[in-house]
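I am attaching a structure below and will ask some questions about it afterwards.
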Amino acid sequence: MIFPKVLDLILDLEGEFEIVEFRIGKKKEDYSYARIIVFGENEEHLNLILKELHKMGAKIPESEEVEVSPAPEDKVLPDNFYVTTNNRTFIHHIGKWVEVEGIAMDRVIVLKNGKAICLPINEVKKGDLVVIGERGVRIIPPERPRKSTYFEFMGGKVSSERPTEKMIEIIAREIVELKRVGGKIAVVAGPAVNHTAARDALAGLIRDGFVDLLLSGNALAVHDIEISIFGTSLGMDIKSGKPVPGGNRHHLYTISKIIAVGGIKNAVEKGMVRDGIMFECIRKRIPFILAGSIRDDGPLPEVITDVMIAKAEMKKALEGIDMVLMLATTLHSIAVGNLLPSWVKTICIDTNPATVMKLIDRGTYQAIGVVTDVGLFLPTLYAKVKEIAHS
Amino acid sequence: MIFPKVLDLILDLEGEFEIVEFRIGKKKEDYSYARIIVFGENEEHLNLILKELHKMGAKIPESEEVEVSPAPEDKVLPDNFYVTTNNRTFIHHIGKWVEVEGIAMDRVIVLKNGKAICLPINEVKKGDLVVIGERGVRIIPPERPRKSTYFEFMGGKVSSERPTEKMIEIIAREIVELKRVGGKIAVVAGPAVNHTAARDALAGLIRDGFVDLLLSGNALAVHDIEISIFGTSLGMDIKSGKPVPGGNRHHLYTISKIIAVGGIKNAVEKGMVRDGIMFECIRKRIPFILAGSIRDDGPLPEVITDVMIAKAEMKKALEGIDMVLMLATTLHSIAVGNLLPSWVKTICIDTNPATVMKLIDRGTYQAIGVVTDVGLFLPTLYAKVKEIAHS
Amino acid sequence: MIFPKVLDLILDLEGEFEIVEFRIGKKKEDYSYARIIVFGENEEHLNLILKELHKMGAKIPESEEVEVSPAPEDKVLPDNFYVTTNNRTFIHHIGKWVEVEGIAMDRVIVLKNGKAICLPINEVKKGDLVVIGERGVRIIPPERPRKSTYFEFMGGKVSSERPTEKMIEIIAREIVELKRVGGKIAVVAGPAVNHTAARDALAGLIRDGFVDLLLSGNALAVHDIEISIFGTSLGMDIKSGKPVPGGNRHHLYTISKIIAVGGIKNAVEKGMVRDGIMFECIRKRIPFILAGSIRDDGPLPEVITDVMIAKAEMKKALEGIDMVLMLATTLHSIAVGNLLPSWVKTICIDTNPATVMKLIDRGTYQAIGVVTDVGLFLPTLYAKVKEIAHS
Amino acid sequence: MIFPKVLDLILDLEGEFEIVEFRIGKKKEDYSYARIIVFGENEEHLNLILKELHKMGAKIPESEEVEVSPAPEDKVLPDNFYVTTNNRTFIHHIGKWVEVEGIAMDRVIVLKNGKAICLPINEVKKGDLVVIGERGVRIIPPERPRKSTYFEFMGGKVSSERPTEKMIEIIAREIVELKRVGGKIAVVAGPAVNHTAARDALAGLIRDGFVDLLLSGNALAVHDIEISIFGTSLGMDIKSGKPVPGGNRHHLYTISKIIAVGGIKNAVEKGMVRDGIMFECIRKRIPFILAGSIRDDGPLPEVITDVMIAKAEMKKALEGIDMVLMLATTLHSIAVGNLLPSWVKTICIDTNPATVMKLIDRGTYQAIGVVTDVGLFLPTLYAKVKEIAHS
């Protein structure tokens, strides 16, 4: 689809072009290829066009050396610094193309000992050599292979009007297959997982080895443990859905108990917490990151209250992750989406279609949305995963 | 709760009162009782207050004869005609209280051969004796028994943050118990039941005898039969969720085929349609009403295209129904809600909480909302119903 | 964008191709042009490919005569009948291309006295010559001119995160300019226009000549007149937003009064109704169509209770309309969207982004969504329209 | 309304009662009063009943001394600690009732030098005397005065179907009147205020002295300043709504520029930022708190990245605030709602009714929801405020 967009853009910017070569990949695995000569009114005009073409993945043939400039102070960037996308990115440095490590959107590229590293603004140190301009930078947009799998068909559409059970089966199959080849899966979850009583299913997925990383906040852990200790989530009996007299105190009592023993890990080890999401994470040594928010009570000792530290930890933990399941959480979904490279499979579950739309709007184009209730989604998914894994 | 509201109202209208008697039911089954003397500034003022009190269920002691006036023309009502609520209603006629038949909100009461009949405006005929004013009319608001069942706790709240599976179990139990005592259940369903592939579950509920009436529209039937004939719903393969090439024609081809054989019933009998919602309705002789809308293609021969006729048929069919399940349809839910007496158990399933809020806002106060995906709700419900029925 | 899609499709269907000619329009007003030779494995295979290409707007060069077959019965269609899109469509009949009249999606084409007419299934009569297959049918997708106006930029996206006031100004400018060149504008409105008190603004737009057709239902008219007679909408005082004691009866009293005088027109002429949306329509002789729904009380005499008749009237009235404003109504928006050719400018206003998404999903691709509150949208729009019209 | 609830509760808990005295306030300003003798089966049973009655605002006559127990460690609470509501609360200490300072929900009460202070768990220090149990604690629920103002009628309902312009006028009147008597108003705002171009109106309200505190996050400030420097919000031209080529870099360039000069304040003082929300806050010395989130880029130097510090600062700044306007932000609205006493007027503006429902669900019962588009709400509100202030 990119070819006519390129031609369009050139015309929109009042440039001209000549198509020199044009090959469409005839086999399903082939990529297409086009060579175009672009004419601008003058060098400045031509550069403007090339700059925009670059962003669409066009390779500017003269492989010029990337330009860098030192950061004048910590967190202060040189003018015209290059802003990253979430696509695979290379810079042309001393005659060869170097892949940028840790790519994510809306960051900068720093050149360090021949390596190209993607950093957020707040991690740039005085003197870091920051890439400026587009020269010598090349990005490779995600190639959609022609032979679309069942999984891929779901992309690019958000709809509540699809066969929900079937879609869950497709996701379950993808999860099982990914784990079979050693892939890694992260789960991003909001507290509704507890309120809707889908917690046992998530705990089961962790226990059975289908989750490699859990990203969440204080509330998920608090209510998960509240269920373990009191049988309630935000004071509501999770077996009957009825509010329990005095139940409103349970989440604070839970927090206090966990603080008293020094954290979730200790609480599990002391046998205070005997089931649930956090219990399985601790027991199976699955890493988890709980990022703080201004809405938190407590918080639990494991919660990282400085959001920039939490974000940096999340980015580090996401390295090597192949798939992310986002469960009923808008803030965390968008935050994690910002940290992901474009080739990570991203599935977003929410009853509100606007959450998925916003995630995609904010640049996580690879996200697939399933508009459904996490309270039924997770139990159904877990049942399907077990069924497929054992077949 | 009504007692202080009554006192409040009197004060708001600048009346005065004296509490003569006040008994709270001490056992859980008892009702409470209060006797109040109300003072107004003059008769007109007093009548205004009594009029308002009447609407809250207060019984005005002097059981005056109900007042009626003849309709001057078909559909034309006498001044000051009485507008019904959906509560149980009696009129005081020739010294005794007569219950109004066919009560529903926003209608009028007509006195015919000693009977009191609730009619919509468009069914009033010239000369019908229409009740006017509030005199001699008594309404009984739904009494909430103190001993609340699990089912009842769910009322009055719309939330997506509740244990979905547990709530479905409660609904399933209610359905099974209702059928055991000979109760009757109606289903109001939108076309999303097909798109989300929950159709087999609804067909199963009908086949197993849990549905006594189906209220829907053209689209539900068309896509249900489209699945039966083509395996697609609105052109999307229901097994894979993928659009099928040329699938956009399937629903029109379906309509044409059904028209050609003279309707759904014939299509089932000729073996053209061999499974699904409509198939089970026909086979099990479960009555269904398909009401037309301006969005309809076709429509199928069984669709009633005149909405006032459809509405009258729906009202008639709903007589004796004890429970209504409303599945993913805003227009039909509100329309059916308007036709229901307040004592019919009403459960509304939708991914959008606004649908349930609107239903309640429009006067169907008894509605219980479950904010979830019908595509998972129905299969889960059907599984639970079977499990409970066989235990 | 269509060119690579065409090539893709050919490869997907395992065909081969050769690009003979390829011209991109160099000036902004030009259209692009490509000539491709397509190879299939055999005639059947080639026809399959051409059938799919046809749907994308490709012109199959050998202009074969269109094929027709007579309808065996009223509403019964011959096998393999052609299903229309909402794009401009031509059939090749006796050596020339004839444009199909009254095009709309999901209908059939009937050949009558050399004319090609687009009909819904239910209007097909026994013996009508219905187009079958794709041969000899050509559709022209809407051409997006390169020189996009401010108006067009808004297309294809639904977002609540845009400069609302600016967008309204753009719509206002489009309305004023359209009326200056003699264009025609239809308004499709839901009852929320009354409840949110935006009614005066809509009445103003009608009075000032910016509306040529009003499509709505019973509720819009009832509450509009309720405001005129009682100052309430569904019993809520429109000046204060407070419910009025006894106000729940107002809409039935309104209906009864209007039925008694024989309809809205008579009520306006007798001076019973002195302002509002319906008043301005009657006074300015703006045609309106009120389509019935199963939710209606009454209904008012002007309401068309048979939905198929209402739909046919709506289709007829929409002829020659250049722009449609859809205001806070899901059912009517989608119903009217189905009746529109793809070149009619369509703007859909709703607080719920799902309404616009559904409209587009159902095939009204040209729809532009503005996610905002009609209660503020209409007054702001009317103010802007007046400002621009007088400048 | 509370009286029958009390009786109900006693019966539900299987207690018995005798009504000794019962006085309804006859004038509109009066409060009602009831004296009830409660019987339990034994002391334990009676205490259970009294505990629950206490939570409903019932005053248990024997004014026992409040019980306290020292915190064993920092952040570790004694067993059975008292959990606060957001209502006005007193403790009975050495024979007199002492009001709890800084009340907010889900916190604890600490007794310090004869003062009762409400603290979050994480601020409790080892040895602090923490109130335990309910004995000697009395809460006063917000009294709804009988003479409801226009403002109050809006409470307790969330609906998009109300006269929006009229409701804004009521809010505007409340704002102007509150400022006339020296009241204080806080604004909690999300970044949509910028994207929808409502920023000028908010800046105007600040400039004209109607805002005493701004609570928000990094994104609001970044995009506000992005508009000031680049004329875009998230890269979209705020005058046309069109995306600007290269605009995606603007927000990072903005952040970098502000970091380089040492913060927003410096940027304003150096003339880099010449208009907008932050500009007016700085110029008018209106305090603002920007709380960090894991979604933040940068962040700007003024952003507090530790959420617990941010929360503590917000609580401190909210002291003495009489009214809070929450504009299009779910997370911040709920977080601020948790910090507010129940007597602070709270208005929540969002296009999504679920935001307001969640706010109320989480205990901010006093919140009034207006379901509308902030992009039109703020300009309309600002215009009305100016109009009313100058009349």
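Read from first to last, the chains carry the letters A, B, C and D; within each, the first residue is number 1.
The rule we apply is simple: a residue touches a chain if its C-beta (ideal position, glycine included) is under 8 Å from a C-beta of that chain, and two chains touch if they have at least 3 such contacts.
Computed from a predicted model, the values in this text were never measured in an experiment.
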item	value
Given chain C and chain D, the chains that contact each of them	A, B
Chain at maximum distance from chain C, centres defined as averaged CA atoms	D
Centroid distance [mean C-alpha coordinates] between chain D and chain A, Å	32
Gap in Å, rounded to a whole number, between the CA centres of chain C and chain A	39
Between chain B and chain A, distance of the C-alpha-averaged centres to the nearest whole Å	44
Shared interface positions of chain B, touching two or more other chains	161, 354
Residues of chain A that touch chain B when the two form their complex	150, 153-154, 160-167, 170, 192, 195-198, 234, 236, 238-242, 351, 371-373, 375-377, 379-380
Partner chain B, residues of chain C touching it in the complex	51-52, 72-73, 75-77, 81, 83, 106, 108, 120-122, 245-246, 248-249, 251-253, 255-256, 259-260, 291-299, 305-311, 314, 330-332, 334-335, 338, 352, 354
Interfacial residue positions of chain C with respect to chain A in the complex	1, 3-5, 7-8, 11-12, 16, 19, 22, 24, 26, 28, 32, 146, 158-159, 161, 353-354, 357, 361
